[in-house]
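One structure is given here, and the rest of the page talks about it.
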Amino acid sequence: MKIGVMVNEGPYNHQASDTAYQFVKAALAKGHQIYRVFFYNDGVNNATKLTEPPQDDRHVVNRWSKLAQEHGLDLVVCVAAGLRRGLVEDNLAPGFRISGLGQLVEAGIQADRLVVFGD
Amino acid sequence: MKIGVMVNEGPYNHQASDTAYQFVKAALAKGHQIYRVFFYNDGVNNATKLTEPPQDDRHVVNRWSKLAQEHGLDLVVCVAAGLRRGLVEDNLAPGFRISGLGQLVEAGIQADRLVVFGD
Amino acid sequence: MDLDEGASGVVKKFMYVNRKAPYGTIYALEGLEVVLISAAFDQDVSLAFLDDGVYQLVKGQQTRGIEVKNFSPTYRALEGYDIEKLYVERESLEARGLTEGELIVPVEVMGRDEIVRRMEEQDVVIAF
Amino acid sequence: MDLDEGASGVVKKFMYVNRKAPYGTIYALEGLEVVLISAAFDQDVSLAFLDDGVYQLVKGQQTRGIEVKNFSPTYRALEGYDIEKLYVERESLEARGLTEGELIVPVEVMGRDEIVRRMEEQDVVIAF
Amino acid sequence: MLHIVNKSPFEKTTLASCLAHAGPGAAVLLIEDGVYGATKGNAVEDAVRGALGRTAVYALAPDLEARGMKDRVIEGVKTVDYEGFVDLVAEHKTSQSWL
Amino acid sequence: MLHIVNKSPFEKTTLASCLAHAGPGAAVLLIEDGVYGATKGNAVEDAVRGALGRTAVYALAPDLEARGMKDRVIEGVKTVDYEGFVDLVAEHKTSQSWL
């Protein structure tokens, strides 16, 4: 099944991005296709390459980048939400791309399911 | 009176930073001293110089920078909270400085009042 | 924006569920931005307002004092985008002491059971 | 960290009010980080746990499944920082079906009136 | 003590918890989405009116205006602007934000 | 429809609103801080037990374990891991997150 995912909160402050990550990993393990992960609202902050969490903590951003690389995930950051919050090409982590809100609607149309993670 | 301020949410997503800004402006207008504004939790995201909000919207980051310049405000971003969220010297807006959590406790000790703005 | 897919012929029922008050958080505004974009995709779009979401539609919003943009007039522009299904939950209005006449835009006020019935018909539900 | 001021002789009553559950948001963890730093300043520090904050202290937290660090053992380390005033609101425990014996660290359980009395004595209150 | 509440009482339980913890002589300031708690005709009005006997309740006027609520304020709730907010902070030794 | 709730019922009103909007045949999945709503001995247990007659209620096991709540789950609430979460999404045409 093709599943779209929307992540609406940034890393660490809320569990939303963690839960979305575990959900995506589990969906891939079960053989589903992740059509796209769309980052909106403060969720755009998951895509900054500048985070350096404490050594004993998970690295939320790198974990997304790695999963994208391993599974060819399409990680899309909303351009308008990103500009509001200072997430632009300059600080974009590997595996993410910046695009328009239309990519969210399109995921809703093309995927069989859309699951939203937020606050 | 010496007033300390703590801001715990980032720009745009929550009104906290807007309210803190209006509060600080009003306190200055009334002749109070703002001892320090301390940015914690997602509040560190107020200090990124990379934001470009829509033309018809307020510029939350630049507004803080300008107020700091005009009134010699001490805008302090928590280093640990900043590292978790990708707010570092590289993307720090003018008028902010990065320092430790001790600066918050010190503001609590030295200021006559401490007011917290969050979600 | 990639609009190619809008022409693919798939028409799904999208409901945007608005449950949050305006200004305290950005969800109402950025939710509205999704709605506006979705108009370009020729889908079957509806908006439901329940819980504090009904506050988004209250007349007379004046945001000069908080120095934040008043986006409430945008709801009146939705009709121009052919987004005309605005459902407001009666129970949510009543709990807040609001009446239909106090809303900025024409809506269909309906009971919770009817809101639920329409939610269940959807293909995609995005709640803010 | 600038510790000079800790030696300035000013001793204030600081209360950190913990009202949020752990893990769903970072407030409990980053609140605890403030508490640990504050120990270096020789102030009169207390922690109050009320509302969902009492969940922070529940025994048996196992976070491997969510891949987030379990920070609950840190509460046991507070004593080593001379932070020994941990107040837990009885009404908050009871509303959640929790008992003092289920908490990870020794605390003083007290009624809401007593919590309020101690809040009102403070110079600085930071709530997370 | 000055208690500050910034969330709608229909969305979060912070106003209820705050009112339950506001001691004698305390003041409660409603800001941001918290100002809905200062309005009448709704399901929480009675709780706020009940608190008015024990506690001074204020609401931030710019937030009421932004939300179209300025003509709905419960009698006995005082409105303040940002300068009035500053005065309330100055008048009370301690403030607590119920986040 | 699969309804997803991620907030504590003591902190926010999302669980109450969700249960009031869960139609016949709907399922409710409690995740993150929402799992406290799946536990017994507390002030919201009756509301959740009442919903069990009309609606299937699930809770995410990793979130229960993280919070020390895994032995407190109300009888009749089923626990699932992340793969079970994926199955629930696949089994229901639509999901709605009550944020």
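All chains are identified by letter, namely A, B, C, D, E and F, in their written order; residue positions are counted from 1 within each chain.
In this section, a residue touches a chain if its C-beta (ideal position, glycine included) is under 8 Å from a C-beta of that chain, and two chains touch if they have at least 3 such contacts.
Values in this document were obtained by computation on a predicted structure and should not be read as measured data.
Q: Any chains in contact with both chain B and chain F?
A: Shared contacts of chain B and chain F: A, C, D, E.
Q: Moving step by step between touching chains, how few steps can get you from chain B to chain C?
A: Shortest path length, in steps: 1.
Q: Counting C-beta pairs in contact, which chain pair has more, D-F or A-D?
A: Between A-D and D-F, contacts are more numerous in D-F.
Q: Hey, which chain ends up farthest from chain E, C-alpha centres compared?
A: That would be chain A.
Q: Give, as an integer number of Å, the spacing between the C-alpha centres of chain D and chain C.
A: Computed value for the inter-centroid distance: 40 Å.
Q: Can you give the whole-Å distance between the Cα centres of chain C and chain F?
A: Computed from C-alpha means, the inter-chain centre distance equals 26 Å.
Q: In angstrom, rounded to a whole number, how far apart do the mean CA points of chain A and chain E lie?
A: Averaging C-alpha atoms per chain gives centres 37 Å apart.
Q: At least two partner chains per residue is the criterion; list those residues in chain A.
A: 12-13, 15, 19, 22, 41, 57, 80, 114, 116, 119
Q: Quick one: which residues in chain E touch 2 or more of the other chains?
A: 6, 10-11, 13, 32-33, 62, 81, 94-95, 97, 99
Q: Please list all residues of chain D that touch 2 or more other chains.
A: Answer for chain D, listing residues that touch two or more other chains: 23-27, 51, 66, 68, 123-124, 127.
Q: What chain-chain pairs meet the touch criterion?
A: Applying the touch criterion to every chain pair yields A-B, A-C, A-D, A-F, B-C, B-D, B-E, C-E, C-F, D-E, D-F, E-F.
Q: Could you list, by residue number, the parts of chain A that touch chain D in their complex?
A: Chain A reaches chain D through residues 12-15, 18-19, 22, 56-58, 119.
Q: Chain D touches which residues of chain E in the complex?
A: The touching residues are 1, 13, 17, 20-23, 26, 93-99.
Q: Could you list, by residue number, the parts of chain C that touch chain B in their complex?
A: It is residues 23-26, 66-69 of chain C that touch chain B.
Q: Give every residue of chain C touching chain A within the complex, in rising order.
A: Going through chain C, the ones touching chain A are 1-3, 5-6, 8, 10, 12, 14, 26-27, 30, 33-34, 37-38, 40-41, 43, 123-124, 126-127.
Q: Which residues of chain A touch chain B in the complex?
A: So the residues of chain A touching chain B come out as 10-13, 41-42, 45, 48-54, 57, 61, 80, 83-88, 90-91.
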